[in-house]
């Protein structure tokens, strides 16, 4: 298979790609054609099917994996494919991992690590809550393992949410072991749950975009609600503990202007907001440096909006 | 009855007052005494019971109405009562309205007006939701009629939440009649529900202070949750409509830095945030001018923090 | 007539358009040609006259309506006309309404509604002031009816200032009827006058751009001055009332950082700033949704700078 | 005469003071008495007249200079006078300069310097404008010579406005001589006129407080209007020049959030805003250091709100 | 010894206290007396020596430990001592730890832990630098062990700088072990050095206030300079490494508005700013909760300026 | 010589240009070529050497002055040169002043003026310091005369730092002569040294970009350090004076958010920050107006980011 970013002007391409989008259009002369966007894990590419009714062009839809023959050429400064033949590929013909950006860490290993943290929680109400979501709710577990942690900024890949959650939980574990005012069970539980709403805020890959609900409500409030809902079905979840956990979720962005409706008011909420923010910033830096390396840049990489600074790799 | 703000140095007072707070203490010489705060609608006053075991001092608790005999004197520049006799007053002996700040408007009339707005909603899902909360849930109705809209800033009196909600709803009705892009049913429902969480954020009078839950979670999220919870029990509440209603509640403070986790993204949310903000500001102005009049001030009243300006009455 | 946004590559066009701008230039080979911008209510288009001295090209100037024959072609990704023939069109040959964006409401009806509000003012000083500007000053009346309320953001069309003013006045009337602390005559007068300076800040259509004076001084101060000037010619305009009216005009943007030199300090100024801001925001939303519809977009429309949020149409 | 800040507990005082305020009150026992505030240039002091009908107490009003006999004592930690005798002093009995804070520079000398700057302006329109206000308008000249430049922050003394204006003009003269893009006549004129509105924003000494008009409109807009008014009476004042001058006045605070409705858009406006701001800051520093010296403080003087920093004298 | 916060009205006190300040004054009747402030680790108290020439009053100075006999009484609502006898105490008579707020952790144990971190640095340039400051420079070691980390906000006690530095270093060690993009040697070194300038910004206990140099330059720049100075004396300190280390020190406050002249631009600088900020916030929380407990408060403790939120203890 | 901005499509060019950058690349067909950027004082231009091994193409490097023969053509809307012949030019063949933007003032005359200011300083410690840097340190003098004051914003030309420093010093001299609280020697010295760090923050022309050290540390701290370093080598530089001078350098940007780690706390620091800011703003305006004139624009020039306003030339 030829990866998209390696396609060159003038080549004829044959391979299987994921169809991200497909729309019909009409040329100025009234002839119908199709606009198609294909993607693999190295990027995406605009394609045209000029001869829609050709025998070689079978029917396919967005999110199908399609096997194509196409001619590459540069148009308006960007590479474009003219698709000559297309058919839907069968399940065994391709490896989905080639088509989506994916965590560099093993997802099942990360999940097992998460389970260890859950097992380490002593408080039975909190432990039961964590098991409810992260062990027994299979649909959630599946979503949690595959969702990204963001559309673009950082951890924008399959497994990104799990990787970020695990990292934040680890940092919180460290903080809990170090600062006696921290109640560990509360902080670990808050860390594991803090971005749980992202499983609903972002749609699954390959779309990985904000859902309508996600745009209107946001993952902070959506995660709050998932936890609150669970608690209502329990007879005995201690109310004070519940409110502290919910407060940690609501305040984890640290500042009102970052979308938290409450500022951190208890020690665990302060700790969580730092662990979350530090992981987001350091992963953003890692991805920016990786992209810089990939682009063959050395030295200063220019202004990074999320980090609000010109950045560079440490030479040290 | 002698209102608290009329008590003068050297007087002996006899009357019934609401006990807001009562705590035990010990003098430097080791003698036990009681600190008591009494209030009526004109204010509150510090009291001491120096002779705790006196026959005239019967047992009572915070939030009891007590009938006292006491001596008034100025201590450290503030009026103080030394309570000589005290007993819990019976229900018919006093009028609770004398003890709490209360809306100048008739609460039942305002409630009937609210019902009219509810009846005017055509969409059956929204109407049923409003009836669920504001007609059928008696406990909520009672709380909604008596809660204040704030601890202090504005509408800080019995019936304040109802008065504010009604005013905001009225303004929204006006806006809906005027701007065709507004969907009236959605906006009216959002207006009526926007501060519903305050019934839980603030404790009942005479305490009228933030509850623990209120401090940790805030009325925006608490109100969101009440509406979302209701919807889950319905088989058929349209999801898109629900999310738009919830979005209006979440975004009604208009800006992230005012505690809304989302900025208004649809026309009704914009309209609601203006109606809410305008009512809060104009009522703050009304109360400030009233207080200025009461204090005999004319002209400029000095800097008002909530309005962020030096203010004065219009002479016109 | 072929509207500009419907012109297609390769067509030959014949029709009357408004000449917005015309400048002479020289090709790299030293040959003179003309750059012309034509507009109608659907947009504007770059044109060239390569053969300036051709018999078919009659003399014309910016702001003339000209009848052309031209060839359309795409250049650098944008449609362009090469004008072959051009002559100034006579008055009856075209309908000016086809050439300028215009309010969807009838301008004379809106003006009559404005007169009703003026008639409803009881205070004789304020009424006389309103009549002076909006009844007796014919030049101002004409400008007021045709000016836009902004170069681009919102109400950027013929009649936009009148439409916006009327809407703000209506909302103020509603607020005055509802909040007893408001002095209605003052608020209605302030609402009608609040943007009067825009008749000088913006030049008339089709230019609709900031004047030099407008850029240097701004409509807030210019409107202030018009009212103050009037008052000086009256023997008896009450000074306190005048200053309150002027204060409302100066503070109507609500915040210093939005260009008001004073924050609202009286109730009417607070009310006006809300009515103005709400109308501007809701009209911006209306225009954005309309543009979205026109572009065939559904769902989220992306970030709107003025509303400072990603926006979408209410589905409700 | 004993200056107010030198009065000690237990002394009997005899002297002439300026009555800043006088109000009637009633003791808790129903006896009428008078609250009086007296001032001299060293400060002000609370006084009581307990025996209002005493023969020794003659009638007097606020802003009278009164000759008193009184007993000084400390009450609630502050010095207070009990007035035993009082009569209105005659004109020759006192020197007004003892009663008001006054510029350390000679007012007439400063005025003559101002005239020199006026004479140095070549442009006949600008020169005539300056002469109109600062030579021919005797009432304005008188006010301009005596008004302060602020109620409190800086230059809060008789002659303060003249001193500040002269200093800003001098700095502008320097800038004009140095930066060729600056048009000197415009900048000098703008500098001399920039705070002319303060003659109306602040009432005359000894009141030296914001007038109602001043609070509602502010000196920036009031000064703008004075200049604009003048121009209307001239047949031939060049419009572009006028608007640039007015722009300089409107934008002289440099930022919208400091109350300028426009940001500086031409070089002269930038220059003026710096000259104004630098003089205000350096005079604030001078006054703070002088007050520190007077209070016998050495080293760091604590946080100065206007300078937004902890400050100290240069030892150098 | 009777601790200051246990002194009661009417008691006669005998004990040794640290004299924080001593100034001479004169009563209104011209009699000389002394104002003295004494302190121990529980607080400070105002004292007077009315009979300065009494035989029992020996000569002493600020910062002496003095043995006194004194009468306690309440004056203006605050406890005050009238000192009857006073003499300078000898070294063995008191334990300095009773007179200063001190870290709850053992200072030498903390120092040993710091040395372990230093030993764990592999890079020889960085290790040598750390040994230069924290092993070989005895004067610095002594200061570093005893200085506080702040005048008041957090860690305002003997050993506070060491405790804070160790905690930040530990967190950085954790981050380095977790994020592969981090160069551990650089981050550990930066963590240990980040507040080294505080040894000069704050004067030693019991004064513990900003030095003149500290106020003018600040610990960020002062620490930068100490490290840069060291490097100049080395022949071979790698320049890139040095600049990255200095950058970490300069940017450790994370934002320009918090006094860092540069925003973090490399991963280690980001990590350090989080570790520093998190430790400062969590220690502030710990101290606030401890103070709340000491004051017998339960529930919400009110608004904490540094944490910018109303805070409370976790009940969990 | 044909200046770059005068090159036209289709021309063949012969002339000497400065090579700013040179990199090797490979075409899609695998053929090696060279990307070259040439510059003169009128701009820069992209060039290609397609036939790298041609006999006419001699070896050259970035920063060489090369004599070329080339064909000009427009590619993707921008002018491009295809270089046919190239050789390194000898020293006498060109005038470097043709290749770099350069101050319009004579550099040696400006330097002499600077020396006069240095001579006017009376304090021997400060004078010796100034002479050390600006007279005796030849390398620094050379750098100081040629460095720009910024990469782009203002004074971005050879001699810019000297021109800016001299201008700021002149303004400070004026302020010192006018405000008695200012200590002139301190202020003049601070003015001359305030941007001394820019000699290291920016690399020499023609690169004129931030150095790695400059990016990491910034000119404020780098200049601080140069002065502090000098002082350490003096036996007797008064410490208080030194700290005041260093404080002026550190705080000269006036606000923390502009990168000063300290706000101005003494009068000289306030004065310096105004003089610096005013010169930067007025020179920015001058350059923007000059560019506007050059581009043939009249009237409003659009929004200038550094001045944060739409700007225009004064017509006066």
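In this document, chain identifiers A, B, C, D, E and F correspond to the written order of the chains, with residue numbering beginning at 1 in each.
Going forward, a residue touches a chain if its C-beta (ideal position, glycine included) is under 8 Å from a C-beta of that chain, and two chains touch if they have at least 3 such contacts.
All values derive from a computational prediction rather than experimental measurement.
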Both-way neighbours, i.e. chains that touch subunit D and touch subunit B: C, E
Count of contact steps on the shortest path from subunit C to subunit E: 2
Geometric centre distance via CA averages, subunit E-subunit B, whole Å: 44
Multi-partner residues of subunit B (at least 2 other chains): 212, 215, 240, 244, 265, 310, 312
Pairs of chains in contact (touch as defined earlier), listed by label: A-B, A-C, A-E, A-F, B-C, B-D, B-E, C-D, C-F, D-E, D-F, E-F
Residue ranges of subunit C in contact with subunit D within the complex: 212-213, 215-218, 220-221, 224-225, 228-229, 232, 239-240, 243-244, 246-247, 250, 256-262, 265
Residue numbers on subunit D that touch subunit F, as the complex places them: 123, 167, 170-171, 174-175, 178-179, 181-183, 185-186, 240-241, 244, 263-268, 270-271, 274, 277-278, 281-282, 285-286, 289, 307-316
Residue ranges of subunit C in contact with subunit F within the complex: 28, 76, 210, 212, 215
Touching residues on subunit A, where the partner in the complex is subunit F: 8-10, 77, 299-300, 310, 312
